[in-house]
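In what follows, a structure is listed as C-alpha cells, so that the remarks can point back to it.
Just so it is clear, A, B, C, D, E and F label the chains in written order, and each chain counts residues from 1 on its own.
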Amino acid sequence: DFLNALNEVKPAFGVNEEDLKMVTKGGIIKFSTKIDEIINHGMRYLKQVSDSQKTSFISLLMHGPSGSGKTALAASIALASKFPFVRFISPEAMVGMSESAKIQYIDNTFRDSYKSPLNVLVVDNIEGLIEWVPIGPRFSNPILQALKVYLKRSPPEGHRLLIISTSSTHAVLQQMDILNCFHNELAVPNLTSLAEFNNVMESVDFMDENARAYITKKLQAIEANNGARLNVGIKKALTNIDTASFDQDESNELIELMAQTMTSR
Amino acid sequence: DFLNALNEVKPAFGVNEEDLKMVTKGGIIKFSTKIDEIINHGMRYLKQVSDSQKTSFISLLMHGPSGSGKTALAASIALASKFPFVRFISPEAMVGMSESAKIQYIDNTFRDSYKSPLNVLVVDNIEGLIEWVPIGPRFSNPILQALKVYLKRSPPEGHRLLIISTSSTHAVLQQMDILNCFHNELAVPNLTSLAEFNNVMESVDFMDENARAYITKKLQAIEANNGARLNVGIKKALTNIDTASFDQDESNELIELMAQTMTSR
Amino acid sequence: DFLNALNEVKPAFGVNEEDLKMVTKGGIIKFSTKIDEIINHGMRYLKQVSDSQKTSFISLLMHGPSGSGKTALAASIALASKFPFVRFISPEAMVGMSESAKIQYIDNTFRDSYKSPLNVLVVDNIEGLIEWVPIGPRFSNPILQALKVYLKRSPPEGHRLLIISTSSTHAVLQQMDILNCFHNELAVPNLTSLAEFNNVMESVDFMDENARAYITKKLQAIEANNGARLNVGIKKALTNIDTASFDQDESNELIELMAQTMTSR
Amino acid sequence: DFLNALNEVKPAFGVNEEDLKMVTKGGIIKFSTKIDEIINHGMRYLKQVSDSQKTSFISLLMHGPSGSGKTALAASIALASKFPFVRFISPEAMVGMSESAKIQYIDNTFRDSYKSPLNVLVVDNIEGLIEWVPIGPRFSNPILQALKVYLKRSPPEGHRLLIISTSSTHAVLQQMDILNCFHNELAVPNLTSLAEFNNVMESVDFMDENARAYITKKLQAIEANNGARLNVGIKKALTNIDTASFDQDESNELIELMAQTMTSR
Amino acid sequence: DFLNALNEVKPAFGVNEEDLKMVTKGGIIKFSTKIDEIINHGMRYLKQVSDSQKTSFISLLMHGPSGSGKTALAASIALASKFPFVRFISPEAMVGMSESAKIQYIDNTFRDSYKSPLNVLVVDNIEGLIEWVPIGPRFSNPILQALKVYLKRSPPEGHRLLIISTSSTHAVLQQMDILNCFHNELAVPNLTSLAEFNNVMESVDFMDENARAYITKKLQAIEANNGARLNVGIKKALTNIDTASFDQDESNELIELMAQTMTSR
Amino acid sequence: DFLNALNEVKPAFGVNEEDLKMVTKGGIIKFSTKIDEIINHGMRYLKQVSDSQKTSFISLLMHGPSGSGKTALAASIALASKFPFVRFISPEAMVGMSESAKIQYIDNTFRDSYKSPLNVLVVDNIEGLIEWVPIGPRFSNPILQALKVYLKRSPPEGHRLLIISTSSTHAVLQQMDILNCFHNELAVPNLTSLAEFNNVMESVDFMDENARAYITKKLQAIEANNGARLNVGIKKALTNIDTASFDQDESNELIELMAQTMTSR
C-alpha cells in the first residue's frame, strides 16, 4: 500500500533524497479519511501523467492552513511515484540568494525536471518562493512571473511531468491570478474534531486510554465554554503532545497547550 | 478549408514553426459557430493587410477568459496566412531575462517582422509580457511603453504586417489606455452551454452517446440546483475529460470535476 | 493655399522629412470648419514667431481624443511653415532607450531646434514621452522635469522657435501642472456628426452616394436606438472604411464596425 | 530710482549677468502699488543684510501664481543690490543632470555665494529644483534635504548673504515643512482688475485709448456674464497682447484670448 | 536555583559571553510570580530540546512591551542552559551593514548555532533585525524572508537547537504571518501594580520603608485621580529610581517621574 | 552660574568648538522660568551620568516647535558640562553625502563619543538626520535604523555618555516608535505671552520702555481682535526685532511683523 511504497522507493537517480526524507520523516498519520482521499487523488494524477495519450503534463496545487501537513503529503506522493526523477524545491534552498540568483536556481530546477521520461517536481511553499508578505503587500514580481511561466510550461516531446505545488495562502494566489497555472487543486484540512485529535494521540502512543479520554473530556468542556472548535494543524498537535510529555503533569499541560491553540488569535 | 490550410502550410522561411506547432497541437474544435466567425474575421484581416491600397498594417487584439483558446486561435490564423514570415512572441521565450534584455528581445522580434513583404506576428499574452500582477498592481512600465510604440508602428514602405495579440485581461488593457494600439478586437468565448460541452466530448470520443447523455443530464441538474451556468474554457474542459478517463468511474468523475468548475470561485 | 503649401515645401536643410512625411501621408480631410480654424490659428502663430518684436518663442499644445488627427495636423502646420529647420520628436524614436538616454536625446533635439534663425519643433505625444500610464499612475519624473524646462526655455538671442506639442491626456497635463509651459492651446475634435462622417466617406470615394445615404440612415437609427452619438476619431473612421471594403457586404460591414465604435466603452 | 539702478548696475565680478539679464529683459511694469511695496521690502532686506550687527544672513521667499512675475522681481532686486556677488540658480541650469550632480551643482553655487563680503543669491523655482510633480506626489528628497540645509545655513564670519527664493507652490512648501527655512515671505500678485490690465496695455502701447476702452468695456461685460474676475499673470497678459497684434482684428482677438483666460480651468 | 545557575555558568566554548553578560548585568528582580513562570517554562523547553526523541528543535517567541525585560530574560535562560554553544544576535551587531551583509551575518550566526550537539540562540529584537518602522510601513523583506526560513529550519541530524526570539511588536509579527515560525510564545509583562513597583524599590534599596510607603501612597492618589493604572516596564522603573536619586528631593522627584510615565501617551 | 559656565568652558580636547559656538552665539535669554527649569534638569542629568553607580548612559530628547531654541539650549548644556569630550552632530555636516556615507559619518561620531571617560553628544535635528519629509511621508530607513541602535547603545565599560537629541517633530518620532530610545524628554516652549516677548525686547535693548509698552498694547489689541494668542519661537522674535530696526517706523513695523506671525498659518 501507499505507506509501504513510500518506504521501499529508491529512485535510480536524480532524486534529492535528503530533502524529501527530511520533510516526510514525521510520517503520515491517517487521522481522517480525507487523508486517504488526498493520497488517492495524488496516485491517480501520477497515473494520468505517466499513461495518458493526450496529457503529458499535470500541475497540481495542494493548499491548506499553516502546519496542516501539505509538504509532508506532497513529498510522500512524489516519493511514492517511483518515477526515476523526483525533485523538491523550497525557499530553504535559496535563502540569502539575490533575486536573480533565485530565478536562476528555479530555472535550473525546472529544466532538470524535464530530463527523465517520467518526472515529479514538488514546488513547496509558493508564497515563500515569491517572498510574499501581507504587509504592503510585497513580493518578488520577477520570481512570480518566472513561476507563472514554469508552472504552465509543458515538458518537451517525449517527457512527462507532474508538478505538486504547496501553499497556505490560496486567497493570495487567487488575487495574483495564478490559480490558472494549475490543472487542479487538492485541499489539505486541519484536525477539526476531538476524535481526530484522539486518533493522533493514539498513533503516537501518548499516555494510556484513560488519560486520553480525560483529555478529550476536558477539551470538550473548553469547546463548549468558549463556543470554539478545535481547528489545529497536525504539526502543532504533534509538537504540543511532545512538549507536554516533558512536563510534570503531562495530561493537564497538554490540555493547557491545546486550549491556548483553541482560544488564541 | 481553414483547418486543412493549417496542416498544409510550410512557409518558405522565417516562421518559428516549433512554437506555433506546439500551441496549436491540440487542434481547434468547432464547438460553436462563434469559432467560425473568429476564424473568418481573421482571414478577412489577412486579406486586407495583403491587398489594401490604404492599409499596410493591422493590429488586432484577441481577448477572452483564461483558457478559452486565444493562443491556439491566434496561432492557427497566423499559420493559415501562408505569409512567408510568421513569428510568435510570448513570455515563455523571455523568462528570467532582465527587463532591458526583454525589451531588446521584443525589439528584435518586431524588427524581424518587417523583413518580408508579408508578415504575421502573434504577440501572445500581453499581460504576461508586461509582467502584470493585480496585487499592487505591478507591471513593467518600460516594457509596456515599448509595446505601445511597437503595436502602433507601421512597417516601412513596401512591407505589410498583421499583428494578432492575445490577452485575458481586457479591463487592464483598457485602464492602461492601450486599447487604442489596436485597429480592432476579437472576443474569444468560453463554453457556455452543455450542448457546446457535448460537442467537445463527441469530438474527442469520450465514452459513448449514452454516457454523454447521462453526463449532460446530471450537469443540467447541477446547473438547476445551483443557479450556476456552465462557463468553462475549452482548455479546462479538455483536461477534465482526460483526467476523468483515468478514474475507475469515468462518467461520475467527469461530472464531479465539471461540477467543481461550475461552483468554484 | 494651405494644403498645396504642404506639398510644395522643401526646406533647405535640417528637416527630418521622413518622419513628417510619414505622419502626414494620410492627408488632411476638411470634414468640418473646425479643421480650417485649427490650421488658421497655426498659421498665425507661425507669423507671430517669425515677425514679432517682443516674442521670439511660442509653445503650443494641440490636444484631443486618441486618433483625432493631432499628429497629422501638427506636422502639417510645421511643414507649411517653410521655416528652414523643422524637426519632429516622438516616443517612437526613443523606444527601448534608458531613461537617461531618452533625456539626452530630447536635449539634443531641442538644442538642434535653436540652430536656424527660424525653427519649428513638433513634440508629439507628450504622455508617451514621459511614459505615462494611468495605473499607479506611473511616469518618468526625470523626463517630465526635463520637458518642463525645455518647453519653457527661450531660444538664444537671434533665434526664433515655434513648438507644437500634442497630447491626448489634457487632464493629466493639468494635474501635473505643466499646462503653464504652453503659451496657448488648440483643441482637435473627433467626428461628432453623421454629416461629418459622410464628408469623410465622400473624400475617400467609399461606394456611391446611394450606399452612403443608406449607411447614414442606418447609423441614424442606431444613434436613436441607443441614445448614443457618433464620436469617433478620423483615424478609426478611415480604418473602418478600409476594412469594410474587404468584406463581401461592404455597406453593412461598415455599419457594423461603426456601430461597435458607437456602443463600446 | 529702482528701475534706473537696475540699468546702471555693473557688479565688479561674480555675477552671472546673462541669466539675470535674460529673466529681467521684459522689464517691470508698475501696474499696481503692490509692485512698489514688493520692491521696497526687497530694498530694506538688502540694507538689513549689509548693515545689521545681529544679522548677517536673511533668506526670503517670493511666492505667487504661475507667471505673476516672481522671477523678474527677484532678479531685479538682486541686480539692484549693487553687491559685488550676485548669483542665480534655477532648474534650467541643471536640466538632464543626475540627482547627485544636481546636488553637487547646488552645493557649488551656495559655496560660491559666501565668497564675497556681500552676496545675493536668487534661488529660482524651488519646486522645479526639487523636481516636484503633484501626481504621486513625487520629488527628489535628497535635493530637498540639501536645500533645507543650505537655505538655513549662515555664511561664515565676515560674510553676508541675502537669499531670494521663488515658488508658485506655497502650499507644497508648507506641507513639506520648509517654510521655516525663510526669515520672511513676499507675496507676488496676479493682475486682478481691468484697471491694472489697462495699465499694462498702456505701458506697451497696445493700440490707442479708444480701442483699450472698448476692450475694457467688453471684458467688463464678460466678467459680469460669467461672474468671473480677471485673474491673470503679467506674463500671460503680455503674451496675449502680442499674439493679438498679429491677428487681423487685434482688439477682438485680445478680448477673445483674455476671455479664454478668464473662463478656463 | 536559576539565578545562581546564571552566575556559575561558564560554557566551554562558542558563547559570545560579552553580549550576554552585557544584557543581563542588571540582574533579574522577581517582582512578580509571573517572572518565575517565564523562567520555569524556559527551563522546560531547554529540557525538551536536549532530551526529546521526537523534537530536536524548538523555536520560542518572547514578546512584551518595550522595556519589559525580554532581552534580559531570554539571555538569562540561554546562559542557564549550560549548553556548550550559546549565541546572541541583535540589530546592534549589524548596524550600518548593507542589507546583503546583514543577511550574510544572520546566515553565519544560524549556521554556527548548529555546530555543537546542544545549542541555544537568542534572536533579539526581531522587528529591529528586519528594520521595521510603522510609518509606511517599511521593513527589509529580504531579511524577513531569510529569518522565516532560519526560524523554521531544523538543525541537521545529531544536533539540537533552542531558539529564543524577542519582540515588542507582536501584532506586527502576526500581520506578517510569521508567528507560525514559533513552536510557542511567552508573554513578558510590565509592572502593573504599585505592589510590584514597591518590590522593585526594595530590591534596589531605594530609600527606607517609610519613604517607599509615602511614594506608594502618593502614586495611589495619582492613579485614583487620573483613572490611570501603573503600567511601566522594569527598565524605565529602574532608570527613574536612579535619576531620582540624583535630585535634592528624591521621593518627590521619583513620584513626579513615575507620574509622567503614568499619564503620558 | 550656568551662563558664566558657558563662557568659561574650554574643554581640553575633542570638542568641535566651532559648531557649538556657532549655534550658541545668540545667547540664552531667560524670558521665562521654564528656561531655567530646562537648564536645571539638564545639569542634573549631567550629574547622574558622571556620578551614578547604576547608570553610565543617559539619552535625552529635547523637543519643541521650530525655532523655539532647542539647538541653542542643547548646545549650551553640553558646553556647560565641562566634560572633556563634547561633540555635535547635525544634518549640516552631512549635506550632499550619500546615504551610506551619512551612516558612516554617524557611526564615526558615536564611536568618537565613547573615547573619553566623560562624554556629551548633541544629536541635533533628528528629523533632518533621517531626511524626514511629511509628504509621502519619506525618510531614510537605514539612517533611522542606525540611529535607533546608536541612541540605545551603552558606552563600553569605564566610559560614560550623555546624549541630548533635538527634534521639532515629536509626533513623528512617536509614530516611528523611537521615543523608547530616550530615557527622558524635555519640552522647549515658544514665547506664549506678551510679557515674555517684552522680556526679549528688553534683553536686546529694542527702543525705550515707552515704545515697548506701545508695541505691547497694540499687540494685545490684535490678540483680542483675532482671538489669536502670541505663539512664536525665540528665533523668529529676535529676527523680527532686528528687521524692524531697519525700517523707518521701527515700532509699527515690528507690530506688523509680529501680527503676521500671529495670524498666519
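Going forward, a residue touches a chain if its C-beta (ideal position, glycine included) is under 8 Å from a C-beta of that chain, and two chains touch if they have at least 3 such contacts.
The structure displayed is predicted, hence computed values, not measured ones.
The set of chains touching chain B and also touching chain C is empty.
Separation of chain C from chain E in touch steps, taking the shortest path, is 3.
Two copies of one sequence, chain E and chain F, touch each other mainly through non-matching residues, since under half of the numbers at the interface are common to both.
Distances between chain centres, each the mean of the C-alpha atoms, put C farthest from chain E. Chain B and chain D, compared by their mean Cα positions, are separated by 59 Å. Chain A and chain B have Cα centroids separated by 34 Å. A straight line joining the Cα centres of chain B and chain F is 68 Å long.
Annotation for chain A: no residues touch 2 or more other chains. Interchain contacts close the chains into one ring where each touches exactly two others, per the touch definition above.
Around the ring, proceeding from chain E in the sense that reaches chain F first, the chains are ordered E, F, D, C, B, A.
Considering their complex, residues 22, 66-67, 91-92, 95-96, 98, 128, 131, 133-136, 138, 169, 204, 238-239, 242-243, 245-247, 257, 265 of chain F touch chain D.
Here chain D touches chain F in the complex through residues 44-45, 47-48, 51-52, 54-55, 58, 100, 103-104, 107, 137, 139, 141-142, 144-146, 148-150, 153-154, 172, 174-177, 180, 183-184, going by the rule given at the top.
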